[in-house]
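Below: a set of structures, written as structure tokens.
Same chain, two partners: subunit A is paired with subunit B first, then with subunit C.
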Partner chain A sequence: MMTYIDYKDVVPKAVIGLVVLLILLVPIITTNESTLSILILSGIWAIAVMGFTLVLRTGQFSLGQAAFMAIGGYTSAILTAQMGWSFWPAFLLAGLVSGLAAFLVGMVVLRVGGIYFSIITLSLCEVIRIVAQQWESVTRGARGLITAQPNPIPLGFFEINFFSSTVPYFYLTVCLVAFTALVFWRIGESRLGRSFAGVALNPVLAEHQGMYLMKYRVIAFTVAGVFTGLAGSLYAHFLTVLTPTMLGLWQSIQILIMSIVGGIGSLVGGPIIGSILLYTFGSYLTRLDIYGIQQLLFGAVVVLVLLFLPKGTGLVDLWGRFWTKVIWREKEFEMDEAEE
Partner chain B sequence: MPPAGIWIDGLIQSCAYMTMAFGMVLVFSILGILNWTHGQFYMLGAFVVYYAITAVGIPFPLGLLAAGVLVAGLSILVKKIIIDHITGDLYVGVATMGLIFFFEGAASMIFGMQDKGLARVLPGVVDLGSFSVSYQKIAVVSFTLVIMIILFIMLNFTRIGLAIRATAQQPDAASLYGVSVERLSLTVMGIGCGLAAMAGGIIAPLYTINPFIGGIPMIMSLLAIVIGGLGSLTGAIVGGLILGFLNSVVAYHLSYLSEVVLFMLVVIILLVRPQGLFGASVK
Partner chain C sequence: MSFLELNQVTKTFGKLAALEDIDLQVNKGEILGIVGPNGSGKTTLINIISGYFRPTKGEILFNGKKISGLRPDRIASRGIVRTFQSNVLFEGTTVIESMLISAYQQYKTNHWQSFFNTRAWKQENEEVVGRVIELIKLLDLLNDTFLPADGLSHGYQRLLGIAMAMITNPSVLLLDEPTTGMNHEEAMFVVDKIKMLREQGVTIILIEHNMKVLMGVVDRVVVLNFGTKIAEGKPEVVMNKQEVIEAYLGTELI
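Our next item is the complex of A and B:
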């Protein structure tokens, strides 16, 4: 089954800090719009992937995470485009609405676990897409909603202007990713996170220990829903247009592939690494001229990662192995030794 | 009542979904995994038939057979090279999802992205008074019936069928009685994916062919086996029939709402009876 390795003992904090600093300095190093937008979009996916990984930690395999992105995205898009709200309240409300939807769906659907849960979330994902496609009066159907940009924020001598460049979006995404990562990391460390793992690893034992399985599953699903909704809202506003096909079943599958390839051993590191690497890889592949080669290589990479980094350890495990083998020059990393 | 043509379209779709769902259930009951690439094997089957007829020029039934055999070989390779080396059902499932992209990409590279149409191989229609049915559609239905009967006989009255049923129930006990589970799972993978390819091949002259036609039949047959009951062969057939007819008959009345009705029906069936219509009760 899954093993949960904590890399904070393996990788020096300074290195992680350096990486974070580098990411923060990216807009100063390069102002290339396409580089920035790749980073922003992979950050947005990272949030959704973290949500998926949290749900997966309770043992449920959700194939409908893109639906919550769609709910969040459409909430804020409708509020800003059709009702004239400004970005920030709409953004927050998107998270709330998506979380509420996740709560209601979870209360009903999480009762049936396993593959049935996956199929039901898959169906809901398609239902949301079809409704968004056909409810022309509200969502403008396949033509898509044009979302409003956030208003400029005056800061004395300086103005944060979302219209002129992607840099404010970059920092907004970094903040949101950092906040999500912090919340999820705290959840993973806390009693709640351990309960999630317990519910997944041995539901029968967990239930006999007095844990109400539904409670933990619904909590994980709702928290994931809130953050996925925020990510969806940001996605819609960053891309300035939201069409139903942008968030469908394929995006759900993409989220789960990013999660598994990144590694489900950690709630934060795996999703971030997985989504940044796979998204960047995917968007560089689209520049190739040959039709179909990007999908072919994408699929091949997914399969190769699963073949050579088995059991969901994923790419995040490479990071740990790199430090234990190359830097520490140890043959095998033992959990017990590192904890001493 | 919708006109008869709608019912016949429903029957045609049911046939495709039934054949695919049957293969998926077979694979699931022996290997314990959901093969998400089934839709892409369907697509490859359609392409093999297309090129067998247009490029090589062999007759349609032989092309169909070639589709079945080639895709069965390909699926056995997939099983040998990839599935056997990944532990954990979850990860095998994700690997087959990755293979969806792989096969779709490969097909777009090799065969091109544009729609291809195959001329009716069996021209002519049967006039039944108020409506008419083309020979091609009759061929689809009768082919599916024949396949189902062959599979029924194979599963119930032959030694390999006995081995399949035994392994589906108790792999360990079956291997104690001399069934080579490894070889059997290769065979079943071949049969299951070959079925998908033949479903794609037989239906190819009716619809357009492109590298992305596998998605919808895949989802539909997945829903079919889940509402029928995971691991139940009867359930796969009944689920395929229900979804095929729903897809066309409800669509006639409700147009786009039909998909919502379809998915909501699946959700409701699963909430009321999580084990599906014909499945054994879970846990």
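Our next item is the complex of A and C:
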């Protein structure tokens, strides 16, 4: 059973505004490259996690979201490195190709759904990795592709230069996360997103009420595929290199873990919180240079979250609980007093 | 031409014939009862009309058009909606949420209008919430509107199932034993509600085990036994037929 959270009741607009303002000001507060790159990469993961959560909304458990990042990443990496395209068209095409791949895979696999869907997406992840490794003439195999950087954008008195600093990447990521969040938030609020709940909670009943299960599942999977592909493209270009092992099974599982820790009940807030916290934590652990420590501790985090925040509400619900138990109650109390 | 028509419908599972050569005409606006002992094929009949199973042989016509072989969601969107014999709900939702999830399928505004939160969508949303509340009142679920659906008592869950089917604006409602697990008074309460639904212009096919419940409400009754139709007609007449009594009570040995 999942608990869905309605943000309009829980998060006041002022808080959202403040958070957005803070994020926009980050490059002014700090120009520390490593801080910025952690934030950029958490943003990229946040997009993939939102995609995963959208698919989960229809009751399907995709273990291959990193495959779509890889498809997007390789599309734009091949177009820029091997065929001389510039970044922007390649970036957009990456989203489209990945969306198309998700659509085609979904049309076949979502007929079965459930555990079969999880297993097939999981193997898709491996298939993509092996293809990338073996198809040397196109992907350069294990040596990886060196991706091109976006051309500088001249803006009159100054130009946005992606070579000299990470700040343009930061804003690009923020824009993409914001756009994805907006789209997913609207999907969640609209008839489509609410029908997803029906399809997930009881497929048989939903079908007999007139919902075509495949339609909803494929829409969710395709939309997730488009945005995950865009995230993958950004990932490949920001890191300047893309090798087959960078987006594999562990990354798919990482997406799943981030989603659970953030809270699967929310389409936007949970994934963002989950990916920022876990990515930061993960990159700190990598510095310790102990083999496998990240996998081990991520596992521990999942266990803790499931123990203390069950029902899939995740960390995002902590604020909700705080709001309803402390702040909301106070308001009610004041109203009672006013009546007297 | 009748409203809903079954021609020579047969359904076999392996060598077992669950339904054999069933001919059935349903008229617009009537309540048709289907009775029969356990295993006589009543639920299979509903499963076939609603598209959950495909008939092995024969065809089903609705308003003169063939619907047998369509997917359940296509049949539901043409206006034939069923309820289930057990309590089948959207787990973890409240009463009003489950009703809204069902209602979304019948909206006139499309998904884009809903995505961009246009005025037409908001307006339709308000209208539908109004209809949901009306229906909730009609089926006496008003006190439970915001309660979790799986926390309702058995009887109210059955009523919620009917409400969820009704909110999709069906022209034919297939009720699969709406009074299972109820005592006589509760069953009569549900029957009253079914009579009220008929006044809204819905054709109802009612599967029932309990003869007493059926007698007071149906216009016509069809008796099934071992997958074949053994009698059809006015309830008082049918229930006195020799075959029907034998099917229910068995034959005398002496």
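In the analysis below, the second predicted complex is superposed on the first by the 316 of 340 C-alpha atoms of A that agree within 3 Å, B and C clash if a C-alpha of one lies under 4 Å from a C-alpha of the other, contacts with A are read in each partner's own complex, and residues count from 1 in each chain.
One rule holds in what follows: contacts are C-beta pairs under 8 Å (C-beta built on N, C-alpha and C of every residue); 3 or more make two chains touch, one makes a residue touch a chain.
Note that this is a predicted model, so its numbers are computed, not measured.
**Q** Give the label of whichever partner, subunit B or subunit C, reaches more residues of subunit A.
**A** After superposing on chain A, more of subunit A is contacted by B.
**Q** Touch check for A:Ile290: first (subunit B), second (subunit C), both, or neither?
**A** first
**Q** So in the superposed three-chain picture, is A:Ile273 touching just subunit B, just subunit C, both, or none of them (first/second/both/neither)?
**A** neither
**Q** Once the structures are superposed on A, label A:Gly299 by its partner contacts, choosing first (subunit B), second (subunit C), both or neither.
**A** Once the two structures are laid over each other on A, A:Gly299 reaches subunit B alone.
**Q** Is A:Ser195 touching anything from subunit B or subunit C once the two structures are fitted on A? First, second, both or neither.
**A** second
**Q** Tell me the contact category for A:Tyr212 with respect to subunit B and subunit C: first, second, both or neither.
**A** A:Tyr212: touches subunit C, not subunit B.
**Q** Once the shared chain is lined up, is A:Ala77 touching subunit B (first), subunit C (second), both, or neither of them?
**A** neither
**Q** Per the contact definition, I'd like the list of subunit B residues that touch subunit A in the complex.
**A** Residue list for subunit B touching subunit A: 34, 82, 85-88, 90-91, 94-95, 97-109, 112-113, 211, 219, 222-223, 226, 230, 256-257, 259-260, 263-264, 266-267, 270-271, 274, 282.
**Q** Would you pull the subunit A residues touching subunit B in the complex into a rising list?
**A** 61, 108-109, 111-112, 114-116, 119-120, 122-124, 126-127, 130-131, 133-134, 249, 253, 256-257, 260, 290-303, 306-307, 310-312
**Q** Hey, which residues of subunit A end up touching subunit C in the complex?
**A** That would be residues 1-3, 186-187, 189-192, 194-195, 197-198, 201-202, 204-213 of subunit A.
**Q** List the residues on subunit C that touch subunit A in their complex, please.
**A** Against subunit A, subunit C makes touches at 50, 52, 71-74, 76-77, 81-82, 84, 88-93, 97, 100-102, 104-107, 109, 111, 114-117, 121, 164-165, 168.
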